[in-house]
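Each in structure tokens, the structures are laid out below.
One chain, chain A, appears in both complexes that follow, with chain B as partner in the first and chain C in the second.
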Partner chain A sequence: MYAFLTLTRRELTAHFVSLTGYVVIAGVQLLLGQSFWTLLDALNGKPFDMPVTEKFFDTGFFWLVLLLVAPLITMRSYAQERASGTFETLMTTPIGEVQVVLAKFCGALAFFLIAWLPAAAYPFLLRHYAEGMAPVDAGPVAATLLGIALLGGFYMALGCFASSLTRSQIVAAMTTFALGLGLFLLGYLSQLRPPEPGWQAQLLTHLSMLEHMRDFSRGVVDTRHVFFYLSLTAFFLFLTLRVLESRRWK
Partner chain B sequence: MHDETKQPASFSAGRRWGQSLNFLLAALAAAALVVLANHVATRHYTRVAWTENADFKLSPLTRQVLQSLTNTVRVVVFYDRAESLYTPVTALLKEYSLANPRIEVEVVNYVVEPAKAELVKARYRLTPQARDLVIFDANGKNKIVTQSDLSQYDLASFVVGRGSEIRRTGFHGERLFTAALVTVADAAVPQAYFLIGHGEHDHGNSSSDIGYGKFAALLQDNGVRLAPVSLGGANEIPADCRLLVIAGPQVAIEAVEQEKLDQYLQNGGRLLLLLNYSSRSGLEPLLARWGVEVGDNTVVDERNSPPASGSILVNQFDPHPVVGPLSSARLPLQLVLPRSIGRRAGHQQNADAAKITELAVTSEAGLAMRRVRNGQQNTALRERQGVIPLMVAAEKGGIAGVANAGATRIIVTGDSYFLDNQMIEAAANREFAWHAANWLLDRPQFLGGIGPRPVREHTFTITDTKMRRLFWVLVAGIPGASLALGFLVWIRRQR
Partner chain C sequence: MSAEHMIEVENLTKRYAGRTAVEGLSFTVSRGEIVGFLGPNGAGKSTTMRILSGYLAASSGTARVGGFDVLTQSEEVRRRIGYMPENNPLHEDMRVREYLKFRARLKGLSGARCRDRVDTVLGQFGLDEVSNKLITHLSKGFRQRVGIADALVHEPELIILDEPTIGLDPHQIRTVRQLIKDLGRKHTVLISSHILPEVEVTCSRILILHEGRILAADTPDDLQQRMAGRTQIIAEIAAPEPDLRHCWEAMAEVEQFDVSAAEGEFYRCALTPRAGMDLRPQIYELVKERGWRLRELTRSRHTLEDIFVHVTSRDREEEN
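And then the complex of A and B:
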């Protein structure tokens, strides 16, 4: 456990010892802040049918940031270790591969959450500046954060897997982006052109991240969504573990 | 630098292929496990609301209806995504399909899918102009809910001039969707009869102002089968009659017919009797036995009469399933020169007697004028002044909420013109007709048991100055703080 915590701390602090981590956080906050402000500017003084926060997570801005930031955080996880030659050193230390995989994942997820955390203040900022706003309902904010954490977990696991496949950070980032975008588009296209009712429609609805996030931002926690992300996260972490194990027979 | 690619392989090619296969199989097994686990998770799930304002919760009545569904119901959402009701409609139907997977929802956006839209129009015989509606289809029956039915508007403020626009205050989706489900999924179709032969409004006439074609269409849309019935000669009220409508009789109903009516009511019949200021039904004695008093007068209400309209707006209702939804939504009825219909003086409200509810009354400025023939002229005399009842509901026997349990139900109104082709769309007359018919047919799922969901209008105002300040906080402040911290760390590490 101690080794796991040490490794996690190492992964997390690696983001903060150089300027890169801060630039990523600043970039995420710049994009989120700009898009939130644009939305506020468009809705200011006009009646609309859902809370601003719910509307925000229903826009493309949120997904754009999510899809872009995941590869940036995870691309270095294993690829950089391989490229710099520290991978073998890490894997030959008396630490289990499971611990390595979990530590890298937890470090990436913790950094992802830190990068997103300031966004939790948006509803309160809006309440502070706007007139005629109802008090902030903490439930949907908490559910939204849970949704972001689950989505983040899934994308971090996906990114770790992609990073474990290659020594090139660019390739790792591109793979993560392509896989993440593909899964996102699957749900998006099903909304754009809904299929005929049947098992295909049910499957696409189950895969639709837009639908999941819509529920979370309304304050609805559905165990199916939670299970979906947890199971996919576990699946990609398992694949990452198998990829790491494969070094033994190369 | 260490270079893995130049190192000779430690294992033979066959061994490596075997390991690759092993990896592939493990990945496939894990994927299968994930699929199976998700499949189980979709069948056993919980939805928890972390908010007080959860609008996804279905009413117990809807849940009951959904649980009782055994056939597949296809729901076609024929909508433009840009319509404001698209989101609440699809969100609500999603909850329906989650509660029962037999509800299969198909969304057809007629704007971007014209070919598919044409197929839907052809299949359901929609007009070329049809748009923004929800179609329920099962058992060869279909029921269409239009966008105009789905909204509840605050008309009262507009009518009295307090507001400059009609605001949407409620969303009737759940009530209408549940009713539509019952209509298409229920194999039994209730039968209603219109009494003829006494100068009643013609339920087959949709063109004349005083015809009842629109009212008949409303009943048919409600899943009710209609037929005329005459009680002359040896004719009886058919045994399958679930509702008898007597709409504005102009000549007296003969004694022998009244006996048949009385017998029908004694056996738990359901009657909607619509009288008007000129009706001569001769049913007063029969109604008196049920505790209903029919006034021979015309009621006016100066406080609630639109100028030069000859009608009165009625907005005072007693608590009752028929008018409760109108009362809660502040929707008025618009009646045309009604006569007073109230509880008979001295009527006992005990267990053996019919329970009489005066559904709607005038304001305190109500005035009942009796027509008196004075030689060659009719003279109007003041009969009474104050709050005057205009319609009643009578109920006797049976078990509340249990259909066909022998309960007699009667609604008597002092006006029949308010439901004719000209007036049925005025104020909330249509809603009244809907609720009255469904209360008489004992279909609580069609009544106000499922109230409208409030339409929450979100709005905020930020002044230009504060907007600029917010811009700097969001776009410069928070990201800038992160960058500044990064520079501090960087400078410190440089030392």
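And then the complex of A and C:
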């Protein structure tokens, strides 16, 4: 447990001693600021009857954040250590493989959430400056945060898995981006074509991350969605664990 | 579980796709020994060390460290070893003290013990002056010391160092050698090298590896002894060639000889004495008696270099 915390801390702080970490944070702020600005613009225009959180995620910048930032955060986790050889020194300490997988995942997720942290000011800014115009309910905000954490967790797990497969950070980042974009577009299909009744449409709707996130931003916490992301995250972490163990297969 | 053996390796084989790195390796290392793996690149030294440290699994055979199986009781084994891989990989973005603290914690040291041990190894390896420097700014010699300090920080019973002196300058090599010798007082040490003087100086026992197999295993002195049968005496004498040949034939101690013309009237005689005897006084007496002229009289002692070349080339001949 002690070793696990040490490694998690190392994974997290490593982002803050590299330039990439700050570039990621700056990039996230730029995209989220853009979202916020669009939201403010909308509040000044025609009245709308959706929660502000839904309007915020309607802008699409959120997806850019997820798709672009996940590869950047996770690409180093295993690929860099394999390339520099420190993976060998890490795996010959008494720490177990499960602990390594979890620590690297937690470190990446923690950094992802920290990059989001400044956005926590948005509801307070709105409440302060746009009082009376648009009520900011705590419910949808909390549900949205949960959604961000769940989707973030899934993308981090995906990225860790891609990173564990290679010694090249570029390859890891591109694999994560391709897999992430593929999964995202899969859900987009149901958006492009009005769902015709039938099992295909049902399946697509069920897989659609856009739909899931819309629910979260409306303040709807659907246990199916929660289970969907938790199980996918666990699945990719399990795959990563198998990759780590594979070096000791006979 | 045997108490006196630190490492027991039996019939260890490791196959990579299409290539056998280690084949049927068996050896034991007693507690307190400093053992050196010697072999050319690709002989299987690193692979064996990786298996012992629990990083890789063997294809077949067993290896035990301190009585624990490296595959099934990997965690127990990893607790007991300090391992420095080839090229000494370190986290470049960390500071020396920070790195050693991080490593000590990963190895299960906590609180005061962690702080104590980090301070101890920093002092022990002369790292105090660089303890707050980034590892990326360190010289090669300091990096090597950090690597060895890391291998030692949790006071392991067995220390495995893969090529600990590679890429160092002669002065740094001497420092690292002394460090390794000092370690041997308290720990069991296994080092690898492809440079012969390296293991000759530091190790109490040498295992010569070639193409995944052990060709010879002995103390440096015994390896010398074993080669004694191949000692040669070289004498360059100015004398009529038939006389020389006649003399060597008559001398009972000479097992084999070879006479070849050198410059002028000198002949170069290479004599193989029986049972490694030293014939030099006799040859000198002979030359003095006959009134010949002598310009060289030497006995060629075999360095480990020769032993190594001999052992590995014999292996190649057998294959052909």
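As a working rule, the second predicted complex is superposed on the first by the 237 of 250 C-alpha atoms of A that agree within 3 Å, B and C clash if a C-alpha of one lies under 4 Å from a C-alpha of the other, contacts with A are read in each partner's own complex, and residues count from 1 in each chain.
Keep in mind that, in the parts below, contacts are C-beta pairs under 8 Å (C-beta built on N, C-alpha and C of every residue); 3 or more make two chains touch, one makes a residue touch a chain.
Given the structure is predicted, the values throughout are model-derived calculations rather than measurements.
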Which of chain B and chain C A:94 touches, first, second, both or neither: second
Chain B versus chain C as contact partner of A:218, first or second or both or neither: first
Comparison of chain B and chain C by chain A residues contacted: B
Chain B versus chain C as contact partner of A:10, first or second or both or neither: second
Contacts of A:85 with chain B and chain C, given as first, second, both or neither: both
Contacts of A:18 with chain B and chain C, given as first, second, both or neither: both
Touching partner for A:2 - first (chain B), second (chain C), both, neither: second
Touching both chain B and chain C, residues of chain A: 17-18, 85, 88, 249-250
Contact set on chain A toward chain B in their complex: 16-19, 21-23, 25-27, 29-30, 33-34, 36-37, 40-41, 43-52, 82, 85, 88, 118, 122, 125-126, 129-133, 137, 139-140, 142-143, 167, 193-194, 196-198, 201-202, 206, 215, 218-224, 227-228, 231-232, 234-235, 238-239, 242-243, 246, 249-250
Complex contact set, residues of chain A against chain C: 2-3, 6-7, 10, 14, 17-18, 84-86, 88-96, 247-250
Residues of chain C defined as touching chain A within the complex: 50, 53-60, 71, 75, 78-79, 81, 83-87, 89-93, 102-103, 105-108, 110, 150
Of all residues in chain B, those that touch chain A in their complex: 1-2, 4, 9-11, 15-16, 19, 23, 26-27, 30-31, 34, 37-38, 41-42, 45-56, 74, 84, 87-88, 101, 104-107, 112-113, 455-463, 466-467, 469-471, 473-475, 478-480, 482-483, 485-487, 489-490, 493
